[in-house]
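Chains: A, B and C, in written order; residue numbering restarts at 1 for each.
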Amino acid sequence: MAGLGLGAVYGLLGLGIMTLYRATGVLNFAFAAIGMLAVYCFTSLVDAGVPAGLAFLAVVVGAFPAGALLELVVMRRFRDEDQTTKAVATIALLVGAIGLVRLIWGSELRSIPQWLPEWNVEISGAVLPSDRIVVLAAVAVVLVALWFLFTRTRAGVALRAMADDRSTAALVGIPIGRLTPLVWGLSAAMAALALVLVAPSRGPDAATLSLLVIPGLAAAVIGDLRSPAGIVAGGLVLGVIEAETGLWAKAAENALTVPFIVLLAVLLWRQRRVLIPALEENGGRA
Amino acid sequence: MNGRLLGGIVLLGALIVAPQLTSPFWDFVLATAVAYMIAALSINVLLGQAGMIGLFPAAFLGLGGYFAAVIARETGSWLLALGGATLVCLVVGALVGLAGTRLRGMAFGIVTLAFALAMETFAFRHGFLGIDPAFGATLDRPTLLGIDFLGDVAVYYLALAIAVLTWAAVALHERTRPGRTWRALRDDEVAAMSLGARVGRYRIWAAAVSGAVGGVAGVVFLTVQGQTNVESYTTVASLLVFAAAMTAGTRSVAGAVLAGLLVVALPELLTELGISGEIVPLLFAFGVITSLKGHDGIVGGVRHGAAVLGERLRRAGAPGRPPAVEGGAADA
Amino acid sequence: MPEPLLRIERLTVAFGAVTAVDAVSLDVPPGGAIGLIGPNGAGKTTLLNAISGFVRGDGSVRFDGSELIGIAPDRRAHMGISRTFQQPRMFGDQTLLDHLRVAADHAGGTPLAPEEAVEAVGLQAVLGARCRELSAHDQTLAEIARALVQRPRLLLLDEPAAGLVPSEVDELRVTIAALHERFELATLLIDHNMDVVLGETDHVHVLDFGELIFSGSPDEVRTSQLVIDAYLGEEWEGAPC
């Protein structure tokens, strides 16, 4: 079950991508890149002598205003554009984030502190390392928190309305202008959480970490960008397949072809229902 | 129309004399830039003409180079290598394009990005076609028609000749039925379909042509470099070429030329000026954001500016004349 | 009785829980001019989309004897069904001539010369202009010209008079009236402008909440209490679309 920890992180990435997409219509290619920036900040903090736990908390909390700021400074101007334009704008963010890291931290690899406590838990014969338990626990916490937010708070209900239909949401008085940066903040914090958890096992390369968005997108697509349970399950399945094929091909990185095949299959499968999306968006009534 | 022709002649003239004006170091840089001009042209075909988002230019740069290296190794012929690698990339592009018959907009973008990552890891990082990833692909500079293209200046002109032929082919294709249909799909796919256009076929063809152009770029790139490594073929490299093409403009050859210079020459230029070349991706990010909200990249912006200026001059010169209707169209 | 050009039988189109078109049956004879009216949201455009193939429907749509359900929009165009759109869908960056060339490229049979098509709608003067620079009125006419290039046997017109000033509407009526004789085609015309529909068609169907509530000659429609009620409802409670 080597892929469970990784799969949980994929699920976490997929959940963050879904949250932003549902509320703002932005399919964020820079999602993992935002978390990657948090990883670099985390490493710098630890290098400067800050305790790892505190540094972790600092970057996850700090990602919130950073994400909101990103929306206000850059993405705000794309609020009324179509989804493709929004997504291409996030490709610019992805390229910019990688550039920023290389500009500030240089391109030589940095070691990421192994900060999670290391012990093994044995459950009926299967050995589960502690870092995987932490990741799985984090996914559970995020799921519960998202469920609470979207079903039990006024802001969450407003976000769901926004996700269903932005113009109707605006008509009934939901403050889209104020909520959009908050969602960006929330999703940035989720990205920071996911990436700081996975970075020690994935290596400290800006490109590698940023491109974790691809398995994240694959998990999100498996859940139809709609179903949290489907996304987490999709992430876990991806992680396990990846770990298994990695063993089989004797080259762990070959496993990164898995998201391509899964994405292709799932997207084609889903797309077969929609003939012309542009015409069905308004329910075809006019 | 005449303005475009004149612009093309000036551009070509500048590209022809460029190596005469610079130091030997720049000959090599410019020859490499020409390869990336062709790679940017593959984005022009797919995004600028057909309106499809393909985040995979570096993957075809690699595929073209790898297949050229293998064919040259087996046959000893550089021309066969060029033709064969282009053909392979045409077919691979068509296969990826199959996904584009069903997938629209960003869904196709995701698949192409995943394809780039899959190629990077599966092909370029782990040995492919018997090429050791530690050494990369190699290709000797050729002797053609009794002329040897071993020097940097000579290989620059070889690269430029192939680039011009590719541009000519793409420009001619633009006036054909598939070229017209691509632009129709780009502007309004539903309308194109209502006119009986078999949308799926044209989308496959667009990805195939884009792949082939990217493959040509890959052969030229490897010919100039002699030997390449995986870093040129990564997913991030694909994203950079894509962003550079959007920054420069995806609807004109001038945009592709500028994009090639932005990718290769700009970092060198900045380094000579004492500025870190690492700032380039940030500039591209800014360029994409600006292009999305404005005209078609730098070239589109300049053209629009020139059109507005020309309009003002014309009005100032001939008072009382009704304004022409061309102004807003110059960024096409 | 010979089979009509288009025969729709019990066509139903549903979007999730909403039934936009509910078991509608109607015929379009060869060369006929059929009108379709109804309040906002009655399913008129959906019906047109189902005929041209852009939404899926259940039931039967037969054109010239062959079943269309399950056939893609591009093939329906090749069979001789052309349409215009409520919001003109033009290839903005291209000239009208290029635009018509695309239509000619993909025609099912021998296309009409672009020059002849623009002449039929009176757009000769703007053949070289870019489509996005055309006025709304000219774009509507350009869409009709684009359809004519393909020599359709059935032309579906989706609210061509929307957004036009009265003098333009009059010109449009003259243009549409002339099409039947000159090009031997049948039309199915949707419009909110009752004068246009009742004046330019031989037979009118009235749609309300996806159902056909009335069919008859323009004169019968004018005096039908059912139709008046449907439209009174629209006038007082008409929701924005």
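We take it that a contact is a pair of C-beta atoms (placed from the backbone, for glycine too) under 8 Å apart; a residue touches a chain by one contact, two chains touch by 3 or more.
As the structure is a prediction and not an experimental result, all values here were calculated from the model.
Chemist: Counting one step for each move to a touching chain, how far apart are subunit B and subunit C?
Modeler: The fewest steps needed to get from subunit B to subunit C is 1.
Chemist: On a CA-centroid basis, which chain has its centre farthest from subunit C's?
Modeler: That would be chain A.
Chemist: Can you tell me which chain is nearest the middle of the complex, judged by mean CA position?
Modeler: Minimum centroid-to-centroid distance belongs to B.
Chemist: Using mean C-alpha positions as chain centres, tell me how far subunit A is from subunit C in Å, no decimals.
Modeler: Roughly 46 Å separates the two chain centres.
Chemist: For subunit A versus subunit B, what separation do you get between their C-alpha means, in angstrom?
Modeler: Computed value for the inter-centroid distance: 31 Å.
Chemist: Would you pick out the residues of subunit C that each touch at least 2 other chains?
Modeler: 54, 73
Chemist: Could you list the positions in subunit B whose residues touch two or more of the other chains?
Modeler: 190, 193
Chemist: Considering subunit A alone, which of its residues make contact with at least two other chains?
Modeler: Expected reply: 276, 279.
Chemist: Please output the residues of subunit A touching subunit B within their complex, sorted ascending.
Modeler: It comes out as residues 27, 29, 74, 77-78, 81-85, 87-89, 91-96, 98-100, 102-103, 107, 207, 210-211, 214, 217-218, 221, 251, 253-257, 259-261, 263-264, 267-268, 271-272, 276-279.
Chemist: If you look only at subunit B, which of its residues touch subunit C in the complex?
Modeler: 177, 180-181, 183-184, 186-188, 190-199, 325, 328-329, 332
Chemist: Going by the contact rule at the top, pick out the subunit C residues touching subunit B in the complex.
Modeler: Residues 52, 54, 72-75, 77-78, 82-83, 85, 89-94, 98-99, 101-103, 105-108, 129-130, 133, 146, 150.
Chemist: Applying the document's contact rule, which stretches of subunit B touch subunit A when the two form their complex?
Modeler: Per the touch definition, subunit B meets subunit A at residues 53, 55, 99, 102-107, 109-111, 113-115, 117-118, 120-122, 125-126, 189-190, 193, 234-236, 239-240, 242-243, 246, 276, 278-282, 284-289, 292-293.
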